[in-house]
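Since the structure comes first, as structure tokens, the remarks are kept for the end.
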Amino acid sequence: MSNKIWIYIDHFKGQAHPTAWEVMGAGLGLAEKLGGGVTALVLGQESQSLAALALQYGASEAFYADDATLADYRPEPYAALLASLSKQHTPEVILFPTTTRGRELAAMLAVDVQSGVMPDVTALDVQDGKVVATRPVYAGKLLSKVTCDSLPQIVTTRTRAFAVAQPDPARSGTVSKAEPAMAESAIPSKVVEYAVTSGGVSLSDAAVIVSGGRGVANNPTLTPPAGLDEKAAEIWRAQQGFKLVGDLAQVMGGAMGASRAAVDAGYIPYENQVGQTGKVVSPDLYVAAGISGAIQHLAGMRTSKMIVAINKDPEAPIFKLARFGVVGDLYAILPPLTEALRKKLGK
Amino acid sequence: MDFALSEEHRMVQQMVRDFAQKEVAPIIKEQDRKQEMAAFILPRMGELGILGVCFPMRYGGQGMDYIALGLVCEELEAVDSSLRVVMSVHVGLNSMGLLQWGTEEQKQRLLAPQARGEKVACFGLTESGAGSDVAAIASTARWDGDVYILNGEKMWISLATKAHHALVVARTNLKAADPHEGLSAFLVDLSLPGVTTGDIHGKLGVRAGSTGWLAFQDVRVPVENRIGEEGEGFKIAMSCLDNGRYTVGAGAVGLIRASLEASVRYAHERKAFGREIGKFQLIQQKIARMVQSYEAGRLLYLRAGWMKNQGLRNTRETSLAKWFATDASFEAASEAIQVHGAYGYSDEYEVERYLRNSKGAIIYEGTSEIHQLMQAGYALGYREDAPLRCELPAYDAEFWQAE
Amino acid sequence: MKIVVCVKQVPDSAAKVVVEDGKVSWGDAPLVINPWDEFAVEAALLQKEAQDGEVIALSLGGESAKDALKHALAMGCNEAILVSDPTLAAADSQAVAKVLSAAIKKIGDVDAVFFGRQAIDGDMGVTAAQTGRVLGWPVLSLVSVINSLDPSAHTVRVGRATEEGRQVVESSLPAVLSVGKDIAEPRYPSFMGIRKASRAEIPIWSLADLGIPAPAVQVHWPEIFSPPAREVVTELITGGSPEEIAEKLADKILAEKVL
């Protein structure tokens, strides 16, 4: 193997983790600066087909290893195999995604090959033939440049920080098999079982939040079912509106929030409230639909990385904080927005 | 003179702050609106040892000193006065009274379960017709040769419906020449037949707390539960107030701090006329005054706590701390609302609750008026503290921490 | 049963962290025990309560790290040890792992080492895995539940949180675990614990005491800086129809790479 740049493809039972092609993108970017191509490494079940897939995404060669000892991810045999390959072929850079597996493998590999690890990196540069990485510290309040004196320079890339490589079925390269470096008897752990969960996203931890405000009930064209009094009809309309909010949240893998006005009016339970008296959140993306942006709501979400506002009122204070705004009716905008994102995210 | 808090004190302060912020702050607004004390609060404070913080371990306590008690009260009231009220009645008025005046047997039997948080304690002094005028107390405890027969009603009693024990002051000698000397104190088991209790709602503040009334109809109180001698009831009540007032003063300092912190936060957040309102001088004045009140109030209560630790009589110093801090906390809360503008007037923010809570403390545990009379009395030489038969024991780490 | 819990002293998460003269400064914000480490201490104390044993808190740092150790003692740890050496000021994660491993070996007879999942200053999240690797012990990271920890049978069974869900893993002891928030709510220091902690004399071990030379440092932080200030330039999306607007907005959102 002559490539200087290696990337580790993280997967679960043959399904490549969404970050896999971001790591490839980061690797290809480095290859442009350092020369040579990218070698992909895949271990475990279905690794052979994933290795072939990696070639389509831009790797000029790929290594896979698949046997009973590697069937379930366990850090010891995986790290041992990566270390043995690294010592054999001396790459200059090894990139991992910052996933639960990626981070610990990178860390352990660094110890095995007596080099350094630079985790959760958001930018990669090259200076004098060496990698200069940038990574957030103090919960992202500051950024740090990081370098490693020795080879290989081991990096884990932060999710969504690097361009995603695009596949081209016309690409080709070599796929080789590697043998495990540890016998089963030497491996100290066993995976007993997996419980795959698809739990809801908690508001406090969500990376994406879509919130609805009092404007959510404002759709006179909706006809409520018969027999509801004025207040109940209002709540029914609000629930239709919150369904749209929830759909958008779901397609983006996010959580649903609400302003105090919506909660006080009985449209949605208190646990969804974002603001001074609700939860203080700091997601990567906050979409405010039908929320005016009064100071007590802003107190709960102003540190969001990016704010998108949809409101009928062009003077609504929320627009001052928004990166993107639409002056319009959320009932008209949310459904096509959800559909557009659903298509583009391939969901 | 070392003004720094010890590492131990700082850790106590941090621990109680964490508890109050994490577990009570998120639900307090809702409880205040419902006018209900959250059910978990008393058991939780008991579990964490807060209800026995300054009592010797041999009496079920946590072995900390009286300064620690003050710090605990400051932290609790910074979240809500109702938490500190628990300390005022359970610890300050009732349990510390037992520590000061109880026999060894009474301390083991009555104080220890309270310090451990197994029994909740309250203080039954005030009646609908007797507040500042303690000598006008009408409840009676008639000795029938075997037990005391207790009759009467106590009002404005915090934790009335939650407590197991009440330290009740009642008249044992209707013929005493000086009505002050006809009073005696009793630790009454509220599960005795003849005891009824009820809640009082509709208070301006401390709505997340529990305030009520106690009614006694021919309640048979054993002589083993009389605290001190017959006729000592007034002196006992006054020394209980020395401890209750201390917790109120310390708590009010916490309330000033809460008003100050809320105002500073808002002054940075809110913009008007093109800049954050903290840049405007009249806002700055309000904040500067809160700082002054906070620091002065804090030194006053810490001094009182230090005197208690030393075993020095501190009626005057505690009264001064309570009067200063409670008046200042009302002013601070009022100004905090002003800083918040219209938002301060709504319960969207905490400051309106601070104002409503602060008013109560100016009334109970000695009205500000009473304290002014006391201070003038000391200064003019009209008033002097005579030594008591039983003084609050000085803090002795070895005694407090031996099991 | 003997568990070592590694703790770190860090600036409070609410602190305003800035760069002054190329150095990180948090003003007069307090230093606290790394919040994730409290979960690790709690997990260890629960084991101690379930089966009688001792928990030793270990930290690598300067004099201020004693506060983190005192917090751990106040929560209920039996003992605390500080490893401190001026040559370790610029230690990278591999060097830290080597030093911690030497200290753990010096403590001796350790059944398990617990870590919090990451320190909120460096946010590296690698120290547990690297310490385990240096020790040659199995690494179980992001543990959300400890089903059983049996020092006499030398086995441990845990549930780990991974992207896909929960993985149940069994491993031999001694092992290194890092824990997440789900493990248990950390207890407050007790009043007795506070007293014990404030009186505790915490031994300080130097590299000489550990019998190791200063480990080589390979990873460097040549520069620390504030992220570029984000000027919020609001862009209003317009179009002929809601569908057109929605399409444009979706593209803009995706271009910002927040999804």
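Every chain is named by a letter (A, B and C) in the order it is written, and numbering of its residues begins at 1.
The rule is simple: a contact is a pair of C-beta atoms (placed from the backbone, for glycine too) under 8 Å apart; a residue touches a chain by one contact, two chains touch by 3 or more.
In this text the structure is predicted, and so the values were computed from the model without any measurement.
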item	value
Chain pair with the higher count of C-beta pairs in contact (A-B, A-C)	A-C
Chain of greatest Cα-centre distance to chain C	B
Euclidean distance of C-alpha centroids - chain B vs chain C, Å	41
Rounded Å distance, chain A centre to chain C centre (Cα mean)	22
Chain A and chain B, separation of their C-alpha mean positions in angstrom	52
Interface hub residues of chain A, defined as touching at least two other chains	none
Chain C - residues contacting chain B, complex	70-71, 74, 188-192, 194-195, 197-198
Complex interface listing, chain B residues touching chain A	29, 269-270, 343, 348-349
Contacting residues of chain C [partner chain A, same complex]	11, 13, 16-19, 24, 92-94, 97, 120-126, 129-130, 132-134, 137-142, 157, 160-172, 175, 218-227, 232-237, 242-243, 245-247, 249-254, 256-259
Residue ranges of chain A in contact with chain C within the complex	12, 17, 74-76, 79, 99-101, 103-104, 106-108, 110-112, 114-120, 132, 135-150, 160-161, 188-198, 207-208, 252-253, 284-285, 305-308, 319-329, 332-333, 335-337, 339-341, 344-345
Contacting residues of chain A [partner chain B, same complex]	260, 276-277, 295-296, 299
